[in-house]
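Dropping the structures in below, format is structure tokens.
Note that subunit A is present in both complexes that follow, paired respectively with subunit B and with subunit C.
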Partner chain A sequence: MPSSASELLLQALPQLAGGAAQTLAISLLGILFATLGGVLYGVLATLGNRALNITLQVYLELFRAIPVLVWLYLVFFGLPIFFALSIPSFWCAVLVLGLWGASEVGEVVRGALRSLPRGQREAGLSIGLAGWQLYGYVLLPQALKRMTPPTINIYTRIIKTSSLAVLIGVVEVIKAGQQIIERTYESVLIYGALFLFFFIVCYPLSAASRVLERRWAHS
Partner chain B sequence: MTLDTAFILTTLPAFLKAVGVTLQVGLIAIVTSLLVALVNATLLVLRTPYLWRLVKAYVELARNTPLLIQLFFVYFALPSLGLKISGFAAAIITMTFMGGAYLTEVLRAGVEAVPRAQLESGRSIGLSEGQLLRHVVLPQAGILSLPALFANFIFLLKETTVVSAVAVPEILYTTKNYIALYYKTYEMLTVLTLLCVLLFLPLSLLLRHVERRLQHAQFGV
Partner chain C sequence: MSALIEFQGFNKFFGEQQVLKDVDLKVAAGEVVVILGPSGCGKSTLLRCLNGLEQAHGGHLRLAGQELLDPRTDWREIRQRVGMVFQSYHLFGHMSVIDNLLLGPLKVQKRERAEALAQAEALLARVGLLDKRDAFPRQLSGGQQQRIAIVRSLCMNPEVMLFDEVTAALDPEMVKEVLQVIQGLARDGMTLLIVTHEMAFARAVADRIVFMEAGRILEQGDPESFFTQPRTARAQQFLEKFSFVESLPKTLHKELS
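Let's look at the complex of A and B:
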């Protein structure tokens, strides 16, 4: 048996690090899909197509009305029975975080694009830019400053929410912690370490978001 | 695949109770969070020596860690320090811890959003600091933070699903329970989805409406 808290933490470190790697993998993949999906959502939502707007609205409201944890269970239990599709719980978590994140990032991108002066779109079209050129060279670069701070905030929410994956059986950092607690009964120490882990990952992002928001507020 | 409606009917009383638990946990957490936030935001806005730094630290800690870890800490780790509490109590404590931090930020941002010119005009017509606060700052800060407050209330209500992890019999826990007991996965997921849409969608739409109304209201200021 380990004699001190620091010794125990040292022994537990490899296992915790393994779990932390899973947590970060889920989070990063979720963030990647949320960003790609969110930009796509934002662009599609500003094209002015009625049917498209209604579809995106339904998608958004479904992800706003139904909590992420419920989505996790719907995908985890639902995919096998509705689509005879069984995917590992790791990818269930990535899928849900990506889709949920995309709706959140998408609304930010849409708002940022809409805040640009109309003249930008008209000027781009009048010099003969194609749709993708208009968004790629004119609109999205200008919207970048406005959408970055809130998007970073969504990233921290995705990282925090990735912790729910433990509830559908993903062996991520909380599960690793629980396994150590089962062996050692050091619940205060291990949960304290988990607290610290998430804080160390999320706090710099929150702080960066705040700094960028203040710096770009007047530009 | 057919829906076993007869089975669903037998579960309805349990789900009705579960909705009650969801609302109970959510509403209690909203009220207690608001109380915590009122005290904290006051300390922040008035820059009460030492205490405002403590409040800042609390807000950062609570906002940058997952609710689930906070919940597990309260429910699984505190007992080993001699504090044994029920799942329900752990749920309320944790949601107040997190909600209090979020709402503190909302209220602080509301007060800071009141234009400086409002304060200066108030002083220039000879209002005392107390009058300034009561008649100028707080009414405007209240309106300004209303949409964000409301959004956070809905957020807290939805977060109650997380406390299913410590066996609080709300809607998600009840769903999982029935799935484990009777394998009626299809039926129970349908009920759960419908309940979420019925409970949270109207609130979410109402929020959007309020946000739009207040946006227009600002043009008149």
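Let's look at the complex of A and C:
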């Protein structure tokens, strides 16, 4: 048995690092899909198409009403049963986090786009911009300031929620920690390390969100 | 002379409410037409239909003989030929003045940057704002922003310009600088459709006045006869409201406590 805490941590480090890599990989991919999907959602939701709006509303409510954990189980256990489609647990987690995050980011993007004066859209159209140019050059760049701080907060929630992936068998950072605890019974030390890990990853993000919010509040 | 713009039996609804009723209006190339009428009479809607910002519901609308109410109409192409300036300027706030001006020429018309830039700077100089080339809209006064908005439309080399109450949001001292720019365009022989509440300006700049009420054109004619002897009672009442303020008698016998 290792004699001191530092020695134990040193021994546990490779295993924890492996878990941390999984957590970060799931989170980053989830954030990537949430961002792309969220922008797409926000744009589609502001086109003023009724059928599209109803579809997006249903999607949003499904992810608001049903816990992420249930979605994980549904995708991981449900897809093989109902669609004979088996996805590795890592990608199940990415998919669910991405879809859930996209609904959250999408609402932020929609709100930011809607808060722009209506005249911006008309002025863009009146010089002959195509729809995608209107969003790309005029609307989204102006919505960016309003949507960035809340979107960063959603990113931290995605990172924290990624720990649920442990329940479908992904060995992410918490599972790695639990395995070490089972071997060494050093729960306080390991959970302390996990606490530090999440704090170091998430705190800079929420701090950045706050700084940006304050800086852009005046412009 | 064949008309450049032609509304014929033109109808437009907002839900159940008919806002344009059987409008017939022909505008020749190079003509300056000022549309007058009380608020809500449909004059702004008429302009917005010509730019495809509102959907028409019946009749005909032709630009240089081309039917615009055809569902196959490419509005992006039409909007390059029909420039529009709005009441509250709507400059793109995240772009400098010069980027506002170049967006359409570069991205829509795919023109050479050097050529588009030269034109934009020449037009800026013409409206007296070349020194604001790199400023952002929020750093400019309303009158300056509106002149930039006019230049933004002009940079597309349109055949027609639509002005929708472009001085209504401006402080009085800034109205003049904007109206001078519009009058300059009229002098150059550009086709202009102007909606305004500046009666003196309408009289000075218009080749023809169109008076609308409740979605219909009640009368039209040259500005001198319209302002001196309007044919309809409604136009007469409308003009009286504007002259009322000018001829308001001085308040006398005020009680000072």
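The definition used in the following text is that the second predicted complex is superposed on the first by the 219 of 219 C-alpha atoms of A that agree within 3 Å, B and C clash if a C-alpha of one lies under 4 Å from a C-alpha of the other, contacts with A are read in each partner's own complex, and residues count from 1 in each chain.
In the analysis below, contacts are C-beta pairs under 8 Å (C-beta built on N, C-alpha and C of every residue); 3 or more make two chains touch, one makes a residue touch a chain.
Given the structure is predicted, the values throughout are model-derived calculations rather than measurements.
Engineer: Does the superposition put A:4 against subunit B (first), subunit C (second), both, or neither?
Structural biologist: Neither: A:4 stays clear of subunit B and subunit C.
Engineer: Please indicate which partner A:126 is in contact with in the superposed arrangement: first for subunit B, second for subunit C, both, or neither.
Structural biologist: After superposing on A, A:126 lies in contact with subunit C but is clear of subunit B.
Engineer: Which chain, subunit B or subunit C, ends up touching more residues of subunit A in the combined arrangement?
Structural biologist: B
Engineer: Which bits of subunit A are touching subunit C when the two form their complex?
Structural biologist: Listed in rising order, the residues are 117, 119-120, 122-130, 133, 137-138, 141-142.
Engineer: Sort out for me which residues of subunit B touch subunit A in the complex.
Structural biologist: These residues of subunit B touch subunit A: 1, 60-61, 63-70, 72-73, 76-81, 158-159, 161-162, 164-165, 172, 175-176, 179, 185-186, 189, 192-193, 196-197, 200-201, 204-205.
Engineer: Over in the complex, which subunit A residues touch subunit B? Could you list them?
Structural biologist: By the definition above, subunit A touches subunit B via 61, 64-67, 69-70, 73-74, 77-78, 81-82, 156, 160-161, 163-164, 166-167, 174, 181, 185, 187-188, 190-192, 194-195, 198-199, 202-203, 206.
Engineer: Taking the touch rule as given, give the residues of subunit C at its contact with subunit A in the complex, in rising order.
Structural biologist: 51-53, 75-77, 79-80, 83-84, 86, 88, 90-94, 103-104, 107-109, 149, 152-153, 156
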